[in-house]
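Next come two complexes, and both contain chain A; in the first it sits with chain B, in the second with chain C.
So, the complex of A and B:
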């Protein structure tokens, strides 16, 4: 049987982290009472007009720069038409003709084996980033044959990031999305929490034989976590391979991932293909961005966005941060990868290193093996850790000064975990875990033991 | 003060000097609206709020602190502008009973300056039409139908007045009729393809279409976003300048308004036109242009020539494509703009409950008239993926050519273009409705449409009465954002032609001062 080459591309919608929506002044907030964050424009009241939110443009420029894109100094807005209850205007404002950023790339790392001992770097091309409106939410109440519509989310700014089909499996897609998530969170352009709908991923999947043209692709939607993303993609790849090997064909359709069953199912029917009747958005002039060279002399600073100015102020991206950690602390790349992968863990590590004399190379073991496994066991985030970096630092100092053994240290750690407010020193004293350094005292104890076990000693000396 | 007074010249002064009180002025207008109800110019008369505004204005005048020249001046607004607390219907079943929670920027500006909002005027449904005959509240009647001038000249006396009345033109017919019949001193209309200038010509009033981007569209329910402008209807050019000054300027809520500062201006009294170059575009000698209007146009050109201006024939070669081009772009935008009317958030919602989709379909069928639905269907067709390049993009390219025609002509040294506004004087209603809306629009928009394509300012100035005793106007088209020059020339022309005042029985009854200033036309 000829080998199959799976091809995976992604369309990712990241909600922009901003105070107000993309084209109106209403607030952006998760889980507010239904329809409490809806401006006249969001409700599509006739006669209202869109006004572009500067912060959203800056977020998109930052993201484009971080993903190595060319920022289009002139981009355009379009209307994408379809009728749906959560789309009050009957069209979405998006950027179909000329988006704000194009032709970038994202590097991400994968572990070769499950022991996290070897990493490999891959790249995925970023086709484009476009600004567009989010839709509202509709809840179908079948028992009462009604649909409930909440427009709080309608009009919130989104960045759609399109990743070219350079990935080959669920693991790669998951790693790429994870890296994107970290980048967005570092930039602050999106909080990118999938559970809160701030990051939504649709996967385009197809398979083909090497040397042959790409196969028909399906779109997989309704994926709620990075873990499910990998599962959904891998399932879909398998499904397509099986279908084709059994002589079937793949339909160019949209499928939803059913997380309970772990499979993809065709989505409720969309008769034929939708024609979105794209049309330029007449109420928004072209979006013009400047760089230092093209910035006109008398321009009002409030009215323009300078790409170079934003570039100069970009924070260190995860890849840079990881390198810096490796260089500064002499830890392995895999370690630094994990440090950045857990929210707050890198900061925790650095805080511990500051507080203790123990070498970072040793501290890292405690962070990754002990602290992290405890956190995972109890499903806690670093922020929720009952053991603070100070406490851990103090504990490691005791170990470093040889006041306790490493076994004892683990015991103390377990005790600290209970979060009863005791310091490591207090626990050591309480449980008498201190290492005896006094030679004389040690001799006394040994002598006492020997004295108490006369018979055994004689037996031992006789061989 | 009389109801026919110009703002600057008389009414404002009278208010300031206390010779007439705002409440009295308001009451007289309201009474006149009642007695001219048969014109059907108003959809909603906001009697209570208007009187309240008048009272507040009166307080300010008493304290010697009027807000400006518009304080206490009764105005009317076309019913496609949002007015908070007052119904906004667009003359459609879709928005019957719709009370907007906000004021359009232009409405807010008028109110902020103390104007008294009398009510909302009638129009073609969603501003689609050139007769103001296709709204759900019925057609608007041209006040001139009841004028002494028309009755004297009107053919077969056997025809009753009822069937002989003529249309206002459209789609801002209600506003034009309101100004023409003295029920208000100024009115807002909208202009997308001529909808302010056309009824202005038929009703014998000044109709100004400002440069696109000069006046905010925030709150104007759109027809074609890339061509719509709020229009100004007044009884004289000076008043139009006053209104323009109070409305123009950047609006952060409308991203298509220009950022530049706008300076309101007073119109100079031009006496020397020798430095002017007037262009006469030959393509505006359009098929169907009445010989009467042709003669009038020619006479006007001579008027300028004899006064020393340079009058040249020019060419705008792509004029003949503007209607077809407009049809594609307009219907495409209509299809898009009307998509929001689904019955979900506001407006009419059908009782059909089988599914969301069936509810949408029923709501839109019940809410929109044939004209609107026809344009939506056409527009959707042009926007289909397979048609987009062929129609929409092509039309945009043609639009660019049309705009360039004007650029070339203005660059060649011409200051102002002089053209007819309409093909003929107002048609009797019974005759007008023989053809469908689309045919009529196609015919009537030909002389006004191109200015919308190019975003240029244009103004109708009432010129003379036709053989039938009905108003005929001529149009001036100016350079972008050169309203001052445009209005200055228009004012000069207005002074030369001395267009006669309408002689209306109803007005006579309500306002004895009116006929003190009767003038006769020097042009006929």
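So, the complex of A and C:
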């Protein structure tokens, strides 16, 4: 049987973190009374026009720069037409011809084995990033055979990030998306919380034999978490392989991931292939961006976006932060990944290191093995930890000064976790966990033990 | 969605203005006489090719227009003929213009909340509402296939 080469590409929609929408002044907010965050333009009432939000453009430029893209100094807006109840205008304003950023790349890392001891770095090419409008939300009421439409989300700014089909499995796609999520959160251009719909991922999957042309691809939608993303892709790859090996064919269709059943199912598409009739958006002139060289002399600087100015102010990206952690504290690269993977964990670690004399290389063990496993067991975030970095720092000092054993330290940690407000020192005293420092006292105890176990001692001495 | 009756929309009457330069002597008004059925045709020469039934059916699906009868289809042909005049112009090396706004500055708005909170007003236009939601049919109701719907296109 010839081997199969799976090919995975991704289309990611990230909601821009801004106060107001892409083309109108309505508020952007997750949960709000239906249709309360909707302006006349969002509802597509006649006589309204789009007005571009500066913050959304800056967010897209930041993201493009962080992903090593070329920023198009002139980009254009287009209309993409289709009918759906949650798209009141009958078209979406997007950037189909010339998007704001193109030709970037994203590096991400994978663990080769499950023990997290060896990491390998991969890259995926970013085809483009475009600005576009989000649609409203449809709530399907099957019992009454109707759809309820809430336009609060209609018109919210999105960045669509298109990743080329450089990935080969669910794990790679999940790692790439996770890294993108961290980058977006670091930049602040999107909060990228998948559960709140701020980051939506569609996967394009196909398989082929090496040396042959790419196979027919399917699009998989309705993926609500990074974990499900990996599952959905791997299931779809398997399904396609089995179908082809049984002599079947793959349809170029859209499939939905059913998280309960763990499989993909065809989405009801009664309408056949869509014809979006792309046309230039006549109400918006081209979007022009500047850099320090091309900056116009006498323009109102509120109307000018300077790419270089934004570039200079980019924060340290996750890959840079990890490198700095490894260099500064001598921890392993895989440790730096885990630190950045949990919100607030890196800051917690650095705070503990400041407070204790224990070497960072030893502190990291306590952070990743003890603190993190307790947090996971109780489903808590770092911010919700009952043990503060100060308390942990104090505990590690006791250990470092050899006032307690490491076993005792773990006991104290368990006690601290109860969050009863006691300090490590108090717990040590209470539970008499302090190591005996007095030599004579130790000798006395040992002698007493030996004296009380005469038979065993004789057996031992006889060999 | 209500189908638009193209036949009704394009009335006979003063049609689109003809390019000034074409008929120097005529002063730019309709040259073909004003009788009905011509919709102000400014195009000259025969129609390059008729629009096929498949394309007409596709258009009806996409835009939910209803050509209704041969007159409606004929208006479409005349409109295409008129637009075909564009082919007479040599555009080699000329960038397409897609908006007369192309030299204007795209205005950038500050990211402030200035609109919204008008649920009541928005819902006033809705025929049906449920607790401040708009109500729509369960999904798109696509036009039935050519064979399955009553349309004069079937006969063509």
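Here is the rule we go by: the second predicted complex is superposed on the first by the 438 of 463 C-alpha atoms of A that agree within 3 Å, B and C clash if a C-alpha of one lies under 4 Å from a C-alpha of the other, contacts with A are read in each partner's own complex, and residues count from 1 in each chain.
Rule of thumb we're sticking to: a residue touches a chain if its C-beta (ideal position, glycine included) is under 8 Å from a C-beta of that chain, and two chains touch if they have at least 3 such contacts.
Fair warning: this is a prediction, and the values are worked out from it, not measured in the lab.
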Of chain B and chain C, the chain that contacts the larger number of chain A residues: C
Touched partner set for A:36, first chain B, second chain C, both or neither: second
Touching partner for A:47 - first (chain B), second (chain C), both, neither: first
Partner chain(s) touched by A:401 [first = chain B, second = chain C, both, neither]: neither
First (chain B), second (chain C), both or neither touched by A:429: neither
Partner chain(s) touched by A:20 [first = chain B, second = chain C, both, neither]: second
Which of chain B and chain C A:79 touches, first, second, both or neither: first
Which of chain B and chain C A:323 touches, first, second, both or neither: neither
Touching partner for A:91 - first (chain B), second (chain C), both, neither: first
Contacts of A:285 with chain B and chain C, given as first, second, both or neither: both
Chain A positions touched by chain B in one structure and by chain C in the second: 40, 43, 51-52, 83, 85, 145, 147, 149, 275, 277, 282-285, 303
Residues of chain A defined as touching chain C within the complex: 18-20, 24-27, 33-41, 43, 51-57, 76, 83-85, 138-142, 145-151, 268, 270-271, 275, 277, 280, 282-288, 302-303, 305
Chain B to chain A touching residues, read off their complex: 81-82, 88, 90, 95, 100-102, 104, 217-222, 224-226, 252-256, 259, 332-333, 335-336, 338-342, 344-346, 353, 356-357, 360, 380, 383-385, 388, 392
Complex contact set, residues of chain A against chain B: 40, 43-52, 79, 81, 83, 85, 88-91, 145, 147, 149, 275, 277-279, 282-285, 303
Residues of chain C touching chain A in the complex: 1, 58, 61-62, 64, 98-99, 101-119, 122-123, 130-140, 142
